[in-house]
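The following blocks contain the structures, represented as structure tokens.
Okay, so chain A shows up in both of these, paired with chain B first and chain C after.
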Partner chain A sequence: MNHETILLEYIKQELLRGRKSDLKVEDDLLSNGIIDSLGILQLVAFIEERFHIQVPDEDVVFENFQSVKVLSDYLAKF
Partner chain B sequence: MIRRLLWLNGFAVLGAVLNHATGWGFTAMYWWTDRYTAVAVPHFARVGDAAYYTLRAIEQFIMFSIPAFLFVSGFFVAFAAGRQRQIGWSVIGNRIKNLVIPYIIWSVAIFVLWALQDGLRPWHAYARSLLFGRAAAPYYYVPLLTQFFLCSPLLFVPLARKWWKLLLLGAGAVQLTVHLAQYPLILGWNVAAAQWVARLSPGWFMPQTIFWFAFGVVAGFHLPLFKEWLARWRWVLLGGTAVFWLLAFVEWELLFRASGAQWLSPRVTLLDALYAGCFILAYMAFEKVPIPYARQWGELGTKSFGVYLIHAPAQEMVARGVYHLAPALLPYQLFFLPLLVITGLAVPLLLMAVVNRTALRPYYQYVFG
Partner chain C sequence: MDFSWSDEQLAYKRAVVGFAQKELRNGLMERDQKAEFSRENWNKCAQFGIQGLPFPETYGGANADILTTMLTMEGLGYGCADNGLIFAINAQMWSVQMPIFKFGTELQKQKYLPGLISGQIIGAHGMSEPDSGSDAYSMRTRAEKVDRGYVLNGSKTFVTNAPVADMAVVFATVDPKRGMWGVTGFVVDMGTPGFTVSRHIDKMGLRTSPMGELIFEDCFLPEENRLGPVGAGANIFKDSMEWERACILGSHIGTMELQLERSIAYARAREQFGQPIGKFQTVANRIVDMKVRLETARLLLYKVAWLRSQGKSATMEAAMAKLYLGEAFVQSGLDAIRTFGGWGYMTEFEVERDLRDALGGVLYSGTSDIQRNIIARYLGL
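Up next is the complex of A and B:
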């Protein structure tokens, strides 16, 4: 599975808990209320554990976490 | 370092649970004494014994909890604003919605318990309780955090981005004023200015805690600078944590005795705030030091808002249950305190696990945030 699919599944299961099953990879995660402060921290922890990628603190910004698509593109750089 | 914020939230919510457990511990020792000894209450004979100092030490240790929550929330605002743009009102609206809906649900549940116990109250009593977070002792935090979020796009974000030193100085000065006003009030001095400051800075209003939120936003916007500063001062911060904990502990005892009062409700003094600040910063500064049970702390951190909302009514029910059904246990803090801490954690976590594993799962966020 690629980053996009894994992230989408994780967000649907762990952060949305079945609330919004039609989440798309382009959806804005913050503006749509899909992730909050703890959600971001959870997502960072998940990425580090699941993909064995150490996300630099300076990269934990809205621009890299705006949507599943943007986040996957960012992770592809590692 | 950012992952440590999640664990910090876990420590902070355990701190909140411990704090309210110690409150019930003091209640059992002084206000419920007549349930296990033939004395008039309140009965303060046990002030100064080993149980008193144990509860005080715990109470002093967990002073970092609310500052930590606010620091993490401020950090989130910087994240949501991103490198270039302003934080959107839709982000603020969603964040507030996720805070307020569970808050209203649990407040109404508490109102139902009040009605069952004492009958209905006038509607404005419920409205005031909701507005100022009075349904349970820790609920003031929700109106407080809502104000911080509402002020973020116009105040915190622009200032933290461009004039962060001014923001920290201003927020620090406001909060310092509130802390300093506590001293004459505790000592019973008739200082009109201090009374005015106290009246204008209740717990649910921003001045008392504004520095912690502002600091979180500034740290988030200027992370490289913040990390560099932490690395340079980390040993001082660690030392400051230990020294200010001790000084704040001793200060409270001195203030308590100097006040001449039989009992003083907890208040946040300047030394408490210095301890809390050093604790949070030292914790962030030693980012390479591994945290035992990090996964479990992280799990607790993700559930912190739900635990925060539910632990207080759960503890109250158990404490009152012991009062009515097993009052002989009330003087034994070695039993009573762990019971309340376990209740404060287990009840919310159990409720969350049940909702998460049933058809109610889609409603999880509305109930627990």
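Up next is the complex of A and C:
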């Protein structure tokens, strides 16, 4: 499974829990409050454990986390 | 699993206890009454190496690991009855020094860390506002982007160290519509035009730690005063809070240990109905509960420190430690007062002050309710 699929599944199942089952990779996760500040903490912890990488704190910014697509592109750099 | 401390760590803890007992006890009762901060004792701590403990030697620190740092705080809590001083030092270490060290440019580190560590300057941390506390990211303080920098407008309240600070780490939003993603960190020096510290805020406990408000009125800050990337402020703040929650609580463990020892000694010495009060099962049980609470609190805290020393994320564990220790410290203060009876209620016995100080711990660095929210979320609720 690629980053996009894994992230989409995690966000739908663990963070949204059925609230938005039609979530797309381009959907804005942040502006519409789909993921809140605690959700971001969980997402970063998940990424670090699942992909065995350390996300630098200063990289946790809007530009890297806005959508599943943007986040996957960011993770591809590791 | 290894629960032992090295001889070196234990020797350091003993040295801290000895230092605190000898050097930091002077005139505390009067200072508590008058809500007076002791710059002299602050400097003594800096000279002993407290402020610099986990920071690199390049900036005047001792390069200690987090476990040693936490054990040192435990020793400080045991030896130093001035919880306000310890709180003020921790506020600077974790929410001023640490974000500068982790997110600052080399220039910012060189400018501030040596002075903060040596005691030459004092730093404050401004996040809370009159209308945003637990919901910190809904802040109103604006940082408007202008040519070569930012203009800040707004105010910060409940700021520990503000009345005595030479500089502050503050957070402002570059765009309120972005919520947490607009929050951006800045460093600001006292004397910067448009930046003032207003009134001293009096409080119930931790009275020897000064508190005030920071006001920004068209305060221009050049680009080089930004701390970390634009929009990374929420994560910088989160990182500080995790450190603060782990280490500020270390001193609570030390204080609770002292409360326990004092309660045992009193329950053995004080006689009523022809026998030591410790022989009454209700009194003994209350002290037993203090002991069990102390040991469970200690284990939770050591686990957080260990996780962090392994470079692992410890958000839920830090929240559990903060919740449990904050509440345990309050309960321990109550139990000590009950054990001492009427004397425990009297200021001169120096038992009641700990309870007043402890109550702050269920509020600052995220209230107990907020810690429960974090834990619930991590449990999938």
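Definition applied: the second predicted complex is superposed on the first by the 78 of 78 C-alpha atoms of A that agree within 3 Å, B and C clash if a C-alpha of one lies under 4 Å from a C-alpha of the other, contacts with A are read in each partner's own complex, and residues count from 1 in each chain.
Operating definition for what follows: a contact is a pair of C-beta atoms (placed from the backbone, for glycine too) under 8 Å apart; a residue touches a chain by one contact, two chains touch by 3 or more.
Small disclaimer: the values here were computed from a predicted structure and weren't measured.
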Which superposed partner A:T5 touches (first chain B, second chain C, both, neither): neither
First, second, both or neither for A:N32, with chain B first and chain C second: first
First, second, both or neither for A:G18, with chain B first and chain C second: first
Comparison of chain B and chain C by chain A residues contacted: B
Interface residues of chain A shared between complexes with chain B and chain C: 30-31, 33, 37-38, 40-42, 44-45, 48, 57-58, 60-63
Chain A to chain B touching residues, read off their complex: 16-19, 30-33, 36-38, 40-42, 44-45, 48, 55, 57-58, 60-63, 65
Touching residues on chain C, where the partner in the complex is chain A: 102-103, 137, 177-181, 228-232, 234-236, 238-239, 311, 313, 315, 373-374, 377-378, 380
Residues of chain B defined as touching chain A within the complex: 1-3, 5-6, 9, 72-73, 75-76, 79-85, 88, 90-91, 93-95, 97-98, 223-224, 227, 298, 301-302, 304-305, 356, 361-362, 364-365
List of chain A residues in touch with chain C within their complex: 14, 30-31, 33, 37-42, 44-45, 48, 54, 57-58, 60-63
